[in-house]
Structure formats: C-alpha cells, structure tokens
Amino acid sequence: MADIMPLALHVPEPAVRPGGVPDFSSVKIPKAGAVPRPEVDIGSEAIRDLAFSIIRVLNRNGEAVGPWSGLLTDDDLRDGLRHMLTLRTFDARMLLSQRQGKTSFYMQHLGEEAISCAFQKALSPGDMNFPTYRQAGLLIASGYPLAAMICQIYSNIRDPLKGRQLPVLYSSKPHGFFTVSGNLATQYVQAVGWAMASAIRNDTKIAAAWIGDGSTAESDFHAALVFASTYKAPVVLNIVNNQWAISTFQGIARGGAGTFAARGLGFGIPALRVDGNDYLAVHAVAQWAIERARRNLGPTLVEYVTYRVGAHSTSDDPSAYRPKTESDAWPLGDPIIRLKNHLILQGAWSEERHKQAEAEILETVIAAQKEAESFGTLHSGEKPSAREMFEGVYAEMPPHLLRQRQRAGV
Amino acid sequence: MPRMSMVEAIRDAMDVMMARDETVVVFGEDVGYFGGVFRCTYGLQQKYGTTRCFDAPVSESGIVGTAVGMAAYGLRPCVEIQFADYVYPAYDQIVSEAARLRYRSNGEFTCPLVVRMPTGGGIFGGQTHSQSPEALFTHVSGLKTVVPSNPYDAKGLLIAAIEDPDPVIFLEPKRLYNGPFDGHHDRPITPWSQHEASDVPAGHFALPLGKASVVRAGTAVTVLAYGTMVHVAQAAAAETGIDAEIIDLRTLIPLDLDTLAASVAKTGRCVIVHEATLTSGFGAELAALVQETCFFHLEAPIARVAGWDTPYPHAQEWDYFPGPARVGRALAETVEA
Amino acid sequence: MPRMSMVEAIRDAMDVMMARDETVVVFGEDVGYFGGVFRCTYGLQQKYGTTRCFDAPVSESGIVGTAVGMAAYGLRPCVEIQFADYVYPAYDQIVSEAARLRYRSNGEFTCPLVVRMPTGGGIFGGQTHSQSPEALFTHVSGLKTVVPSNPYDAKGLLIAAIEDPDPVIFLEPKRLYNGPFDGHHDRPITPWSQHEASDVPAGHFALPLGKASVVRAGTAVTVLAYGTMVHVAQAAAAETGIDAEIIDLRTLIPLDLDTLAASVAKTGRCVIVHEATLTSGFGAELAALVQETCFFHLEAPIARVAGWDTPYPHAQEWDYFPGPARVGRALAETVEA
Amino acid sequence: MADIMPLALHVPEPAVRPGGVPDFSSVKIPKAGAVPRPEVDIGSEAIRDLAFSIIRVLNRNGEAVGPWSGLLTDDDLRDGLRHMLTLRTFDARMLLSQRQGKTSFYMQHLGEEAISCAFQKALSPGDMNFPTYRQAGLLIASGYPLAAMICQIYSNIRDPLKGRQLPVLYSSKPHGFFTVSGNLATQYVQAVGWAMASAIRNDTKIAAAWIGDGSTAESDFHAALVFASTYKAPVVLNIVNNQWAISTFQGIARGGAGTFAARGLGFGIPALRVDGNDYLAVHAVAQWAIERARRNLGPTLVEYVTYRVGAHSTSDDPSAYRPKTESDAWPLGDPIIRLKNHLILQGAWSEERHKQAEAEILETVIAAQKEAESFGTLHSGEKPSAREMFEGVYAEMPPHLLRQRQRAGV
C-alpha cells in the first residue's frame, strides 16, 4: 500500500466564470438534417446514437431540411411564431410588473420559448402536461387566457387559484396543464402514474412529464424512469437542458454521462436529443414521442438542448456566476429569430408582418394586463379573502379548521 | 355476519370496493401475485386482474408518486407501504403533493388516495419493523389519519377511506392483524374469532371518519387511545380495577374532540396512551387540546404513556412497549393525584 | 465586537470552524461558487477550496445521504438544504440513518452532521418557501433541533452544532436573515446593526445546546417562543402592556424544561407561539410538558398561537402569519382567564 | 382520434409460477473466458458490452480460463472455499436456531456465498463495505468472530449491539463492515459519501456499496449514481441480482433495461456483469473495480448474476410464488461445488479433504454457537438491560431521556 497515491476529490467546474470568455466549443452540434428519423416502434438500443447527437431541422440559412422536417404547414408555423412572441412579450411585461411591485416573484423563458410552444402543438385534447415553472408556453399555445395567467401572478381577486399559490405555478385541467409544484421533480413520477392510469382505464390520453437539467438529480426522476420502464407507461419524459440550475452548471447534475438523454438508455427507454431552439425540430421530435406513447409503445425520453438566457428568477442575478455575454455565444441561436427567418425564406412571412405581429401581440398582452389589473395586484385592490385561505384544504372542512376559521374571525 | 380477522376485514374492504368501483386500484411491494407480506391483498390480483392489483418496484416514493398521478387522473388508488417504517422515502410525495393538490389547484385536481401501512411493534421486528409514525402525518394539513383497533372498524374505516375524496393515511397495527393484543406477550395468543369486533358486516359498510368510540364507559378517568393501545388500556383498567372511560379515537385527523371533551369534563382526569415515541407524538396534541378545552374540569395533570424516546429496540421490546403495567400505573397516579 | 447580520453570523460560524477543523466541509445546492441563495456560504469556497465547500446536485437525499457517509468516515459535514420546504426528500436519510447510526451500531459509527435550512415565512414565498417543519424533527429520537432568533445566538449555536457529536437540525428563520422582524410587515425594515444581538464575538464561541434564554422578564404570563416569534412576542407584550416573561427556547431538543417550568410556576400562565401549523406542532409538546410539570401552578389554560392548519398561502400571507395582534389577543385572554 | 386504439397497461410477469416448469433459457450465458479484460483506465463507452454480458472464469469442466483468471493462488482459493463453507454452515445452523426459538429472525445466503466472500478478498484493510443483510461473507472472510455474530443474532448479553438491532444487521468498524440498515438502499449513497470523504482527506481508502436487484428501484440508488458520477468517488457500486425481491421477480425492478448493469451507463460509470456463482470471476472483477477506485479513476458498477436459492428470510415461503425446483434449474450452478471441483481439478483439493473441511467447519460453527449460547438466546438467559435501551441515542443523555429512564426505573 506504500506506493498507493492519495485520492483527490473531483469537483466539476464550468469552462468559464465571470470575467472569462464564453466558450461553447465543447458543445458538438451536428448539421441540421443529419440525424435519421427511425420508425416509432424501434428499440432503444437501435437508436442509441440519438441520445448523443442533436436532432435539428432548421439550418443556418433558415431552411427546413432532413427527415424530421415537413410536418407543419405555414399556418402552423405562423401560429408557433405568434405563440413564442406572445410568451416573450408576456415575460417582459411580467418582469416589469414584478419590478413595479405588482407581484412578489416571476420566472421567464427567454431563449426557451420554442420548447413548450412546439411541444403543445403536438399534443391532443385530453392529454396532460406535468410542467415545471418554465413551461408557460404550453398554456399559451393551448389558448389559455393571458388575463387569467396575470391574475394568478398578481394573486388578485380573480386569481383562479385564490391567491394560494406562488406566481407562475398555474393550474388548468381543461388546458391539460397540471397544477405546478414548487418542489422539483415530484411531478415527473406523477406524470408516469397519470399515464399508467390512462392505460389501466384503456383510455387514449397520454401524459407529458417536464423537468430541468438540474432537477434530474432529484430522486423522483429515478422513480419516474423505473415505473415508466417497467409498466411501459404512455408518457413523454422531457428534460429541458438549459445549461444552468440557478447558479449551478449542468455538469454538476450530469456528472460523467455525456448527455442527460443517456439516462434513459440505462432503462431501455428510447432517448433523443433535440435542438431546443428549433421550433420545427422540437415539434417533430415531440410528435414522434407522442405517437410512440399513443400507440402503447411506451415512454420516450427527450432532452431539449437550450440555454437559459435570462436570470433563474426575479430573485437571481446570473452575472455573479457566469459571463454576461455567455448567452450571445450560445451556438443554437434564438428560437424566434430562427423561425421568423425560416418563414421569411419560405415566403410566408416578412419583416413587416413580423413588426406588425409584435405590435399586435404587445397590444394583446397589455390589454390582458389591464384587464387583470382591474382586479387588483398583489399589494393593491381587493385580495382573495382570508376565508379562502381555509377553503380547499379538504373537500369538506373538518371541525378543527372550522374552529380556526372562527378564531380568525373570517 | 361473517367472522373476520383484521387481515380478512382489510382484504374484504378492498375486495368490496374493487367490485363496486372500477377506478379502485391496489398496488405495492409484493401485493400482487403473492398478496402482500401480511396477506392483506391475497386473492385480489386473481379476482381483478394484473392491471387492478399488481406488484410494484421497491420504491415507496414511486408507489406514492405514481398513485398521486393516478388519483389526479380519476382513479382511487389504495396502495400499501410494506411497513410504516419504510414510508419516509414517500414522505415528500405525501406531504408536498398528495396533501396539497386540492388546495393549490383550487380543487381542479384532487387526490383520493389511501396509503395503507402496518404500524407498531410487538413482533420482535426491531427498529425498522415497529415504528408508529402517525404524528408525522397529523402535523400535515390536507391529510386524514386513521388507526383502527379491530376488524369491524378496520373494514368500515377502510371503505370510508377509499371513498373519501382526500388522501388518507391508514395505519394498521400489525400486532392486531390476527388477534387482539393487550400487551400480555407472555400469555397465549387469542384469535379474533373470540372477540365481538370480529363480527363484521358482509358487503359495503362504511364508518364515518372523525367519530371516536367509547369502548368502556367509566367515571374515574378518561383514557385516550388508538390501535393496539385500546386493548392495552382495557387490560390496565381491568387489572387496576379503576373505572376508566376508554375512548378509541379511530381517526386522529379529523379528531372527534367533542366526544373526548365530554368525557374529560365528566371524569376530570385524562391519561393518553400511544406506542409512538413520547416527544412530539400525537399524545402531545391530545394533551394540548384537552387542557385547552377542559382546563376548568381537570383535577390532575394529563398523563401520557408512550414509547420511550429511543429507536424501537429488539431485545428490549417489552421494556419499550407501553404495556398494561405502565398504563395501569399512570391510571393509578392520575386517579390519586 | 463586530456587528453582524444573521447571514454574516452564520457564515462566520462556518468560517471559524472550517479554519479550526479541517474535517468541516460545507456543501449544498448553489452553496459553492455562488455562496448560497441567501449568501450564507459566500466566500467559503474561495477561502477553503472546492473540496471543502462545493456545489451539490439538486438532490436533497443525495446531499444528506453522502453527508451521513462522510460523517461516518470522520468528517463534520455542515450541509445546506436550500429551503426547509425541500427537506422531505432527505427525510428518510435524516430519520432512518443520521438519527440512528450511533444507537444501532452501539457507538461504532456516529454522525456529527449539521443540516442547515432557512425556515419560516414572511417573504411572500408561498407554500414552498415558508414552511416550519421543526415538529417533524423533534419527534425523532437521536436528533437535536435548534432555531436561533438573532445573530449572536446563531453564531454561538451553529458552532456548537458543528462541534456536537450528533446530528443537529439547524433551522434559520429566513425572515430574520437581514434584520429583526416583529411581524409588523407594513413598517420599514430595520437592519440588525441597530439591534444589540448583532454584537457577535469574533472567533470561536459556542453556546450550549439546551439552554433557553429569558429575553424579557415578567410576572403576568410566560411566553414560549423561538425564531421569528421571539420578536413578535416582544412586540405583542410591548403593545398590550402585559408584563409577559418571554422565553426564547433556542434549542427545542434538548429542551431547557427547567427554565420553562420555573417561569410558568412563577407566572401561572403560559402562551406558546410558533409559525408552524398548529396541530401536532412543537407547541403541542410544550403544552403537554408545561401542564404536566406545572399543573398545580396553572391558573388558566395554556394557549397556543400558531400558523393555521393550511398550507402557507401567498396572497394571504399576513392572515396566516401569527403576528403581534394575534399573540397580543392570546396574552390578554390568558391573563384575564 | 377515432382510429386510435385504446391503451393497455403492461405488467411484467416472470416466465413461470408455481406449477410451471422452470425456464432460464432467456438468461444468455457466454462461455467462460470469453469476455475480454480491459485496462482499468478505460472509458465506460468503450466497454459498453460488458454491461450486457457475463464475465466468467470457471468453465463447465472446472478449469479457470480467459483473461480474468490467474489472480489467486491455491492457498487463496482454499481460503475462499473455507469461507463459503463456513457461511453456508453458519446459515444452516442459524436457520435451525431461529426455528428453535433462539432468535426472532434470520436471513441466509444460500447460493450467493461467492459474492461477499470473494469480494472481501480483494479489499484492503481500512476499506469500508456498506452491506445489505445478505453479505455476511464480508465478515466471515475478514475474520470476524462467529460467536460475536451469533451473539448479535441472539440479542444476548454479549451482543456487540446491545440487543438494539434486528438479527443479522451486524456492525464492525474494524472489519470494514458498516452498520447495516433495515431500510433498503439508504446506505448505497452513504458509501459514495464515505468514499468522497476519503478523497477529500487525500486518504487511500475506498468504499464498497451493496444493493439487491429489487432495491435498485429505490430512489437512493439514483442519488448514489449521481454523486458517484459527478465527483468520481472512489467506490465500487455492487448490485447483487439474485433474481428475486421477496416474492417479486427482478423484471419488476429492471423494467425495459436488459440488465441492471446498464443503469450505470446512463451515468458514464463503467459497468460490468459477472457470474456471481464463480468465486474466481467475482474476485477478479472486484479487484479490477477496486483498483479503479484506488487509482482515483472513479466508480465502477458491478452486477453479480446469481440466484437466491433459499427463502427471502425466515418469514418467507418461496413456494407460494415460484416453482420449488427453480433453483435446481439455475444455469450458473452452485458456487461451492464449482470452486471445489476447480481445486480438485488443480490437484489442490480432494473429496476427502473437502469432507474433512466440512466437518471441521461444522465443529467450529457449533463451538461458536455453544460459546454464544452460554451468554443466552433471545428468550433465555440474561438480556441486554432496559438501561441499555436508553443509552447511545445521543453521545450524552439529554434531560428528557434521563427523566424517562428514571420513570422506567432502570
């Protein structure tokens, strides 16, 4: 043992920190159109490589190329563009609202708009998303009223959740949007259970689970994969890899695996990686995975490669832990600009129409905001009552809560 | 009425509900083909098929996590945690999720879920097959917590729990599965068939959650107990000759405070008994409530008899267990105080 | 003495211990490079390197699970759970492992571990950034539970916790991080620098775990409080003019029952205040102990003022929070009863 | 959606149930010596296949063949045989003791003896095992006194654990045997933490984590792999796949993955499968993985393919859920017979010496048992005191426990 060298702990570090020059040269990006599109009933082993590559449709010139292209009409794509623009505009207004003290907290999607917007497009009515706090695009793309979202964010008297829940933790059963938890990863396994229930009842609905790169480290992620793998649950297991978990770079959660998609392979679950900033690619992969689920072929794991351009939340300042210009260096570009350029190239859009759309959307968002504000904000106007606070803990209020409500005098 | 052991009554409750309601599903570790390590689900897979009753991976968080999703979909899962000692990996799903879906979604999503688990000691199971974690659930808003003490109650309460629109923690005192147990471990085991509470109605019957039962009327002191301790308290009363009024709480949340308070107002004295460790056990809440509600009736301090604040030991099981001698001593002290 | 906020005092405690003892390691989510979302570990990685202070994956069970292994090896890990609301995934490791290593191995393996976590509400954090789960730890044999209410105590108690040979749950009232808070959320925030408890000794200094402090002497009623509620109780006493004796428990387990009992024996009345939900909260244990110990001194029922039995709501935060008005009302009722 | 077929839940079932004919034809078993032995610093991707094969050294004829052979001397092997025989004899006696009421509970190793015995042989003093309840071979092979084990099982007055712990949940720091938990999987991640601590302290000790096939479904398994992968902890992650978790066949935990070893690949952790009934193969693979850890190359996942021949515990009756003859059909044979035959073939052992060894070992075990019984059994003789019950909850007894002990009058 005398010649044994002492051990040393390996602690992964991001390539650069504030003050350094952003460097994404380690992110290997295949050409658009390069990754094949297998049949949906293929086994996970046969498509191992897809967990280590990146499926892309839009190339640098804005053309849609390769086997994953050609699924959406120009109308669909203009819809998609509008959804993304709406989400981005909504985010900007709500960030401002938070700074103005109209609410306590907000979380934006900047740079990640394509993922939730394009995914929702591939779902059918009745399907259920189990989202995190960064998938409001699912709501927007499914037509949920913006004013209702803002009322939730303001915790005002029209908040559908009666002021009980933190801003952005929406819920809408009719829009297939499961009540968001503040606890990370808990809902990943619930999505699997929901999907199992659909299969138990011989239903046709499928579920979609959502998680961030950082949160894949949580134990519930494992439970979800175990149950999905064992019972072949009709669920799409989405991982949004936006490179950061608050101040922690994705290497801390990922460890020695090349990718997050690789996790699925240990369970025999087909796993794909996709350019998360490419609306067409996201939609195509979502459709593929959803079809697998719908045809009872079991779960699919999808890793969306993207970048969190904004702060983690309004409580966060990313300049403390990463170079300010890192987002500019991100090699996959901006999802809105890329789709816009594609549509223009197709002759289905123009700079002018884009400006007009932006203006219209801003107007719509402002109108929704005004509507919401007519019902108050967190610190002004009528609030959900203290009486509401005691409701809904149980279907029927038990004696001890009745006593407490009485004591509170409400 | 058919005679049933507690295991049979619990199984029958699930059987009745699975037959009546297609949305009731049962799963957990070893509950499918084998029928559960305590045989509470024996025969259900054969009768209702593998998609209604099945074996789960050894993952308590996965069992409860998937069950929460199923409940949100519209099923009524009734899952088993093999021993209450193993519920902790599922604690987050119970506390942060099952208990809060209704509240945070303003009723859009609900969680009609039952989590069954064998609880308590007395079988030389050591520190990981003996725990009584009920207080960890009674502190959590949104949960109901039930602890039956006999076959009749077990069936009626389990059916009510499955029918309940909210999550219910259903703790089954494992030492009572096959016969009543009054703490005299050195005496021969009696089967349930000789106990009147093994007369269990056939078919559907539910007992309301939130109603205690007075199992022995008395005037000298009120004893609050649940699960195994109901039987121990009865033995202690008989052996000391103290005219105790013994109340079986049956459900801890919601609690039948009216019945408790009426009794203590009458007797002026109160002894609380549970098997869980003393500190921050459910007995603390009971003592706090009783002194608050009945302060001007109380003639003696409320006493608590409970498991000691140590892990449940193997060799010293009967030193740990709050048996009739310890309960009897507290009765005597309280009556004399 | 240097003036410190609570954040600074906590950081300083870790700094002092890391400098003194090479086996002290600090990790958790965002605690390394960034220094923690509340900045409690800011600068420690730079000073002690990435193997003494580092970022952990978002896995509370992994953080505590690896820390238990490290403690068994012989290190003294001091880990952070980002919010107490997120401790549940680690609950099994705390309850079944950290708390029991010493007992079940008969002292062969021990677990000198500190689990720090911000607790309590008052920052509009909604149901998942506001919880006070202390009662879930006080029920578990083998754990110690500490809740400081000011910078001085925070430093002294955290150093004692790190030096303790057993696992300590260290709950930091986040609303107190940057200034004392008496519940008057509509008044301007005062920083710690204006409070005498921000006079914190430099270097190593430890306060014993298990010693309460009388923060206001009085004769009319005893108030038992900890964390944020110590300040709320002081405001309530000042505003009602009731001559309350206010006791800051500082550590819940071990509890300084002697100090509590002596006070209640003197005042004959007791009000217990905590922010956690009422039912099965630590106040229940306090009420049970006080009535047991001081029964013949008590002139009025022991009152509890606590968070309601609901999840912590966002909009109704100040309806939920047991502020000075509610505490004052209980003081008045208890004094008049 | 009209043409969408209803979903259906897939629930895995074992190939046979009681009444059926045992069938292990699906277990693909490569020839002994067929799997290559890579350098220890190889990357996980380069040895993917090793997670789907089975490393074997002893062939049908009893010869040790291939690149994983040749590490142990005849003396070593005779030691190993003695350890396995001791464990088997010990098990038989303790099962009997339990039936005689000398203790409450027992768990045997029948068929799995090679795994813990051979693994221990590859460790160095100071290394730490984090075992489950089915690795007593680690203690036996490291020379822990049998009488002390039996005193623990009997919870008698000489029980090193003072009667506090369930039988077989031993603890021995000097023998590198971490206090066994009754809670599954919790210790897997502790082993990773212990190994990280060794690396933090620039020590040379490594850790070994142990888990059963069924328990890999637990969430702590994931936490262990995440932390081991991220910090490259010097730990060997062992999975004993004995085909059953009480009444549940391994397919329920494994799901769609071909093997349990595959789990490691999702984390970039080198993963090997080994014939768990082949003492030489187990030792060789253990040595390889331990060397990796010792050289700071990080964690290795090892799946031991074996079969639980006996009941899960004394509380279990396997004939209720699997054919009684299933163990006879198990294709990897019996570890003791295989090592014995090998030694005989080598000319280093004989039937006679074997019989003699069996007799000697039986005598040793009986002597240990007699010694232990002189200090009492669970229900007879002096017991660890009630006073002991209050000790050791904390280093120093706090006032509330003192009061309780007083109240108990002990």
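First chain written, first letter: the chains are A, B, C and D, and each begins at residue 1.
Convention: a residue touches a chain if its C-beta (ideal position, glycine included) is under 8 Å from a C-beta of that chain, and two chains touch if they have at least 3 such contacts.
Note that this is a predicted model, so its numbers are computed, not measured.
S.K.: Determine, among A-C, A-B or B-D, the equivalent of interface C-D; equivalence here requires over half of the contact pairs to be the same by residue number.
M.R.: A-B
S.K.: Select the chain at the greatest separation from chain B, using centres from the mean of Cα atoms.
M.R.: A
S.K.: Cα centroid separation between chain A and chain B, in whole Å?
M.R.: 41
S.K.: State, to the nearest whole Å, the distance from the C-alpha centre of chain B to the C-alpha centre of chain C.
M.R.: Distance between chain centres: 31 Å.
S.K.: Which whole number of Å gives the spacing of the CA centres of chain A and chain C?
M.R.: Using C-alpha averages as centres, the distance is 36 Å.
S.K.: Which positions in chain C touch two or more other chains at once?
M.R.: 51, 56-57, 59, 61-62, 85, 88-89, 92, 96, 103-104, 127-128, 141-142, 253, 279, 309-311
S.K.: Could you tell me which residues belong to chain A and also touch two or more other chains?
M.R.: 8-9, 11, 162, 164-165, 169, 181, 183, 196, 198-200, 217, 219-220, 222-223, 226, 230, 252-253, 255, 393, 400
S.K.: Looking at the complex, which residues from chain A come into contact with chain D?
M.R.: It is residues 1, 4-12, 44-45, 124, 196, 198-200, 202-204, 206, 217, 219-223, 226, 228-232, 234, 251-258, 262-269, 294-296, 298 of chain A that touch chain D.
S.K.: Chain C touches which residues of chain A in the complex?
M.R.: Residues 8-9, 11, 13, 17, 104-105, 155-156, 159, 162-167, 169, 181-185, 214-215, 217-220, 245-248, 252-253, 255, 315-316, 320-321, 378, 383-386, 388-390, 393, 400-401, 404, 408, 410.
S.K.: Where on chain B does chain C make contact in their complex?
M.R.: 85, 88-89, 91-92, 95-96, 100, 103-104, 127-128, 135-136, 138-142, 253, 276-277, 279-285, 287-288, 291-292, 295, 298, 300-304, 309-311
S.K.: With touch defined as at the start, can you tell me which chain B residues reach chain D in the complex?
M.R.: On the chain B side, the touching residues are 29-30, 32-34, 37, 50-51, 54-62, 85-86, 88-89, 124-129, 278-279, 308-311, 313-316, 319-320.
S.K.: Give every residue of chain C touching chain D within the complex, in rising order.
M.R.: Going through chain C, the ones touching chain D are 23, 25, 51-52, 56-57, 59, 61-62, 65-70, 72-75, 89, 92-93, 96-97, 101-110, 141-142, 144, 165-166, 210, 253-255, 257-258.
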